[in-house]
Every structure is written in structure tokens, then in C-alpha cells.
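Each of the next two complexes has subunit A plus one more chain, namely subunit B in the first and subunit C in the second.
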Partner chain A sequence: MVQKIESQYKEILMQYMQRQSEQNLYDGQNFSRQLISENIAPEEVISVHKAVMQEMYSELPDLVWHSFDLLIEMMISYGLALQERESLLQRQEELRVEMDLAANVQETLLKTKMPSLEGLDIGLLSIPARKMNGDYIYFVSDDNGHAGIAVADVIGKGLPAALCMSMVKFGMDSLNNAEVNPSEVLNVINRVVEKSIDDSMFVSMFYGKYDAKKATLTYGSAGHEPAILYRAEDSSFTELTAKGLLLGVTPVATYEEHTVHLEKNDLVIMMTDGVTEGRTSQGFISREVIFELIERKKDHSAQEIVHYVYEELERMQNAEFKDDFTLVIYKKS
Partner chain B sequence: MNIQVDLKEEDNFLQAYISGEIDAHTAPVLREKLEHYQNHKGLRAELDLSDVNYMDSTGLGVFVAFYKGVNSNDGHVKLKGLSPRLKRLFDITGLGAIMDIESAEEGVN
Partner chain C sequence: MSNQSVVEIQTEWDIVAARQLGRNVAKELGFGTVDQARITTAISELARNIYLYAGQGRIEIQRLTENGINGIMIIAADQGPGIPDVRKVMEDGFSTSGGLGAGLPGVKRLMDDFKIETIQGEGTDIRATKWLR
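What follows is the complex of A and B.
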């Protein structure tokens, strides 16, 4: 091995000593890449250089050879740093694989089934900014035309946020009832979250209970971005605000709830701040811009509207969302 | 894309002047500086956010953690100089109702 490297290096060095051409330098560069891929340490390369030089120019004074010995000694730390980097790269790769696995587990764990309700068309999209999604949508429904939806956002991103989301899911699972009112749902989840998480992690959540027979939506919010009601009759957009503190701040929070009646072609737009906090080089993307996008596609299906809004916002931000993006649209048909 | 935090404490009265952007990158800087004080008994803290031009939910988390820490030690936190955008963030999250907050144009909104 060493002999093979020596003879290859000798060839390159000899050529260079004779011509000093660009091509010779290029050969040297390529050879160093080959040495790196074979894990040859820098001090070994200098040893090879010294050996080859001694072979070719044995008449050089001892001074020159001594200087190489010092250089070899000095390069040893560089060799160690290189090794360390290799092992870090390997470790990083292992972490990447683990994150991929965790993201898959999260996807399976947090899977929810979109309900099918008489007279209601539902569109949704949830795209994580990183591997793990800190946004969450949960549906619960029954056979009597009731369906609950929770749209939640963990403050904080990545792995800790994702783990926190599982807590919300298990809280919702334990309720397992599509007829419970938003204020009660939020109360229960608040107590679950408050007990379990650290002081700088919070969850915001919108909860809407839809009654297909009456075509009404009862909603409440725990510090979440307000949902928007689009009235087809007069093409107006209104925020569906409801007072309520973020989940996990205090165990004694109370939550307001309100009810709206949906008419044909009305839309309810539920989202996380990843939708509204978009920024371009010119500044923030205003809510009016989002309203305009929705209005442009109001005659399409809920899923088509959701996709259109996502694609347009993605285009405006050069395909770079800083936060998880979640958008759900209910369309009354 | 930076943050500056100037802190001054005298007789258990903490005055903080924060400027720049508070997001996932800069929030840890702010958290670390504030954490140092939140366990002081009976601390009165006044945080001036007049020159904070952007804050996302991560920043909100820092203020809530600080608020909870100071409150549990019988202290008081006041936030002042909030821009309409920041004020809206505190209002939506319900924090505006439990924290002592004064916006930049008090009385105008």
C-alpha cells in the first residue's frame, strides 16, 4: 500500500519538478483526493514526500531532512482532527437516520381520519418546515353528523415540539367524543399540557365542533391564530375570535366559545401562524393578501383552495417557509 | 437579524431595553440574560420592547417563562413600548389579559 502510494507520488513529483505545469498540479490535487478517500493521514503524506525526495535528491543537506521531521510531527494533530471530523460525519449520519425514523413514527402516531360530513367539503394541508411537524390536526367524528377539529401549534420547533404534540393527541383520544364543546375540550387539554411541560413550551389550539344537521360551527381558542369566516353572500372576511389563554401557562384558564351558522359556499379557514407570519424581502405578507388568494379560488373545492394558497405563498417566499405550515378549509356546500 | 439586550438592575428593580428581532435564533440569547434575574425574590422588572421590530412565538415563550418565574417569586413584570404587531401577538395568545402590558401608543388602539 505505502509502496504503491510512494511510486504514484514519485511519478507525479518527478513530472512536476521537470515541468511545473498546470496539469501536474491538477494531477497532484486528484491524487490528494484519492489519499483522503483512503484515509491517509497528512503526516503520512509528508513522510512519503520525504522518502521520495531522499530517493531523488540524496545529495541535499541533512538540514532539509530534519525540517521534514519537524513538519511530520506537527501534522499529527491535523491528522487527528481529520479523524474526528470523519467520526462526526458518521455520527451526524446516524442522527439523520434516527430523525427520519422518528418523523415516520410521528406521522403514524399522529395520523387522523378526515371525517365525511353531509354538506361539508374539507381541504387540508400540513407541511413541516423541518423534519418533525410542530403543527397538528386532530379530527373526531360520530355517526350523527358531529365532528370536532383541533388545530394546534407547539411554540418551539423540532423534536421537543413533536413529542409535546403526542401529549395533545392522547388528551384528545381520552375525550373521544365529537359532541363535547370547545371550552371543555380546551380545559381538559390545558390541564394535561400544564402538568407536563417545561416553562417555555406552550401550545396554541383552535377547536371547532361542527354540527352537520344544523350547519353550525361552535369554536373556541387557546391563544391560537383566529380562524376566518368567509361569507359568500357579501364576500366578507371576519376573524372568529374567542378569548382564551395558551395551553400550559396556568391550570385555571377559562375558554370562551361562540357559534356561527354556515350558509351555502361559506368558508371557514383555520390555520397556524406559519400561514400568516410569512415574510418576503419586502416585509410581512399581510392577511389581506391571503384573503385575496382565497377569494380568487372560492368557486373551487376546499382542497384546491388550500393547495393554491400554499403554492402562492411558497412562490412569494422563494419556497422557504420558516415555520410549519398548516391550513384547513371547511366549505359549506 | 440580530438582537441587543441591555440590562440594568438596582435595588431589585430591573430595567431591560431590548432591540432587534426575537426569533428562534435570537431567543436563546434573551432567555439566558433574563433567566439570571427571574429567581430574585420580589423583583420588579420593566422590559422595554419599543425597538423590537419582529418577534415570533419562540420569543413569546421567553417572556412567558420569565413572567412565570418572576411571578412565582412574588415579583412583577411589565412590558412596554409594544408595536401594534407585537400587541396583537400578546392579545391573540391571551397573554395580554394576564400580563402587565403597555403598547407604544397607549390609548390609540
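What follows is the complex of A and C.
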């Protein structure tokens, strides 16, 4: 190995000593790349240089050779730093693979079934900013035309947020009732979150219960981004606000709930702050921009509107979402 | 067959003495310049750990012969506080991130064999060997 490197290096060095051309230097650079890929340590390279020089210019004074010994000594730590870097890169790759697996597990674990209801068209999209999603959508429905939707957002991103979401799912699963009112759902989930999640973690959540027979939506919110009601009749946008603390702050929180009646072509837009807190180089993207996007596509299906809003916001932000993005639209048909 | 020599580590100057001893033995055994530099860097690292964390201890250099192959063993022993979390100090990035040098993972890389025994409150014994190829 060393002999092969020595002869190759000797060739390059000899050429360079004769001509000092840019081509010779370029050859040297390419050779160094080869050496790195073969894990040749820098001290080894200097030692090769010294040996080749000794072969070619044995008449040089001893102090020249001594100087290389000092350099070799000094390069040992650089060589170690290089090896350490290799090993850290490998560990990073292992972590990446592990995160991919975890993201798959999360996807399976948090899977929810979109209900199909008479007179309601549903569109949804949830895209994590990193591998793991800190946003969560949960549907529950029954045969009597009731459907509940929870849109939740953990304050925080990535792995901790994703783990936290499992608790919300666990709470929703244990309720498993599409007829329960939002204030009660939020109460139960609040107790689950408060009991089982670290003090520094909070969850915001919107809960809406749709009744297909009456075409009404009853909703409550735990400190979540308000849902928006679009009235087709007068093309107006109204925030659906409801008082309530973030989940996990105190076990005794109470949650307001309100009911709205949906008319044909009305839209209910539910989202996380990843939708509204997008920013461009000019600052935050205002809600009016989002309203405008929605209005432009109001005659399309709910899923088409959702996709359009996502694509447009993505374009405005140069495909860089800082936060998890979740958007759900109900369209009364 | 083995024969040994020892340097007591009490001051920073002793680190140099330990290096010198290691280099002389390595040179006598026929290690090349690069390997000599690796062996002395490992000695430096171990001696400095003793000086910084145990206060005092010793570096012992042994010549080894096994199956006709010669080698050198560095033994770093102290009666210091011991290392509370060996796994952590053996992790890459733990000591280097603080700018403390190559650390024990570095020593392990520089040598062929590496063994560490440490008991909290009693001390640490590290043995690192390099074989002449």
C-alpha cells in the first residue's frame, strides 16, 4: 500500500519539481482526494513526502529531514480529528435511518380514517417540517351522521413533539365517541396531557363535532389557531373563536363551545400555526393572503383547495416551511 | 518476554519524560517515524489525563513479544477518583468538543489494543498496545 502511494506520489512530485505547472498541482489535488477516500492519515502523507524527497535529494542537509519529523508529530492530531469525523458521520447516518423508521412508525400509529358524511366534502393535508410530525389530525365518526375532528399541535417540533402526540391519540381512542361535545373532549384530553406529559410541553387543539342531519358544527378550542368560517352567500371570512387554555397547563381548565349552521358551499378551514405563520423575505404572510387563495378556488373540491393553498404558500416561502403544516377544509355541499 | 520501565507523573514536565521513554523504546523496537509519533501522542494523552484528573500516577512502558511479533505496551495507572462514566469518555466528540485533545478514543485509534479498568474512588488502569508489523 505505502509503496504504491510512494511511487504514485513520486511521479507527481517529480513532474512538479521539473515544471511547476498548474496541471501538476491539479494532479496533486486529485491524488489527495484519492488518499482521503483510502483513509490515509495526513501524517502518513508527510512521511511519504519525506521518503520520496530523501530518495530524490539525498544531498539535502539533515535539518530539512528533521523538520519533517516535527511536522509528522504535529499531524497526528489532525489525523485523529479526521478519523473522529468519519465515525461521527457514520453515527449521524445511523441516527438518520433510525429517524426514518420512527417516522414510519409514527405514520402507522397516528393513522386516522377520514369519515364519509352526507353533504360534507373533506380535504386535508399534513406535512411535517422535519421528519416527525408535531401536528395531528384525528377523526371519529358513527353511523348516525356524527363526526368529530381533532386538530392538534404540540408546541415544539420533531421527535419530542411526535412522542407527545401519541398521548393525544391514546386519549381520543379511549373516548371513541363521535357524539361527545367539544368541551368534554377537550376536558378529557387536557387531563390526559396534564398527567402524562412533561411540564415544558403544551398542546393546542381544536375540536369540531359535525352533525350531518342538522348540518351544524359545534366547536371548542384549547388555545389553538382559530378555525375560519367562509360564508358562500356573502363571501365573508369569520374566525371561529372559543375560549380555552392550552392542554396540559392545569387539570381544571374549562372549555367554551359554540355552534354554527353550515349552508351550501360554506367552508370551515381548520389549521395549525404552520399555515398562518409562514414568512417570506417581506415578513409574515398575512391571513388575507390565505383568504384570497381560498376564495380563488372556492368552487373546487375541498381537497383541491387544500392542495392549492399549500402549493402557493410553499412557492411564496421558497419551499421552506419552518413549522409543521396542517390544513383541513370542510365544504358543505 | 517483557521488560519494563516507569516514569512517575507528578508535574507537566514528567509528561515529556514519559514521551521520551516511550520514543526510545519504540525506536529500539524498530517502529517507523509515523508510528513513533503515534505512540508518543498516545503517551502524552494518557500522561496528561493523569496529571489533570488524578494529580499523580505513573506511565509504564513494556516491551512485548508474542508469537514472534514485537510490540510496545503503555500502562497508565493512577489512584485518582476513577472515571464515573467510561462509556461517555469513550464516545467520539465527548472530549474533543471541549478542546481537550484526542481523548481516550484517540488513544484507542492510535494503538492496536486498548483496555481500561476504572473503579470510582480507587483509580484507573489503562493498557494500550501497538504491534510492530
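The criterion applied here is as follows: the second predicted complex is superposed on the first by the 333 of 333 C-alpha atoms of A that agree within 3 Å, B and C clash if a C-alpha of one lies under 4 Å from a C-alpha of the other, contacts with A are read in each partner's own complex, and residues count from 1 in each chain.
Operating definition for what follows: a contact is a pair of C-beta atoms (placed from the backbone, for glycine too) under 8 Å apart; a residue touches a chain by one contact, two chains touch by 3 or more.
Quick caveat, the model's predicted, so the values are computed rather than measured.
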- Query: Will subunit C clash with subunit B on subunit A after the two structures are superposed, or do they fit?
  - Reply: fit
- Task: Figure out whether A:44 sits in contact with subunit B (first) or subunit C (second), or with both, or with neither.
- Result: second
- Task: Quick one: classify A:83 as touching subunit B (first), subunit C (second), both or neither.
- Result: second
- Message: Applying the document's definition of touch, where does A:208 land relative to subunit B and subunit C: first, second, both, or neither?
- Response: neither
- Tell me which partner A:171 touches in the superposition: subunit B (first), subunit C (second), both or neither. neither
- Query: Who does A:128 touch here: subunit B (first), subunit C (second), both, or neither?
  - Reply: neither
- Message: Between subunit C and subunit B, which one touches more residues of subunit A when both complexes sit on the common chain A?
- Response: B
- Once both structures are overlaid, what angle do subunit B and subunit C make about subunit A, taking C-alpha centres and a multiple of 10 degrees? 90
- Message: For the superposed arrangement, tell me the lowest C-alpha distance between subunit B and subunit C in Å.
- Response: 20
- Overlapping contact positions on subunit A, where the subunit C interface meets the subunit B interface: none
- In the complex, go through subunit A and note every residue touching subunit B. 153, 155-157, 199-202, 204, 222-226, 243-246, 249-250, 253, 273, 277, 322-323
- Message: With touch defined as at the start, can you tell me which subunit B residues reach subunit A in the complex?
- Response: 23-24, 31, 56-58, 60-62, 64-65, 68-69, 92-95, 97-98
- Flag every residue of subunit C that touches subunit A in the complex, lowest number first. 32-34, 37-38, 40-41, 92-93, 96, 101-102, 105-106, 109-110
- Task: Going by the contact rule at the top, pick out the subunit A residues touching subunit C in the complex.
- Result: 43-44, 47, 50, 69, 72-73, 76-77, 80-81, 83-84, 87-88, 91
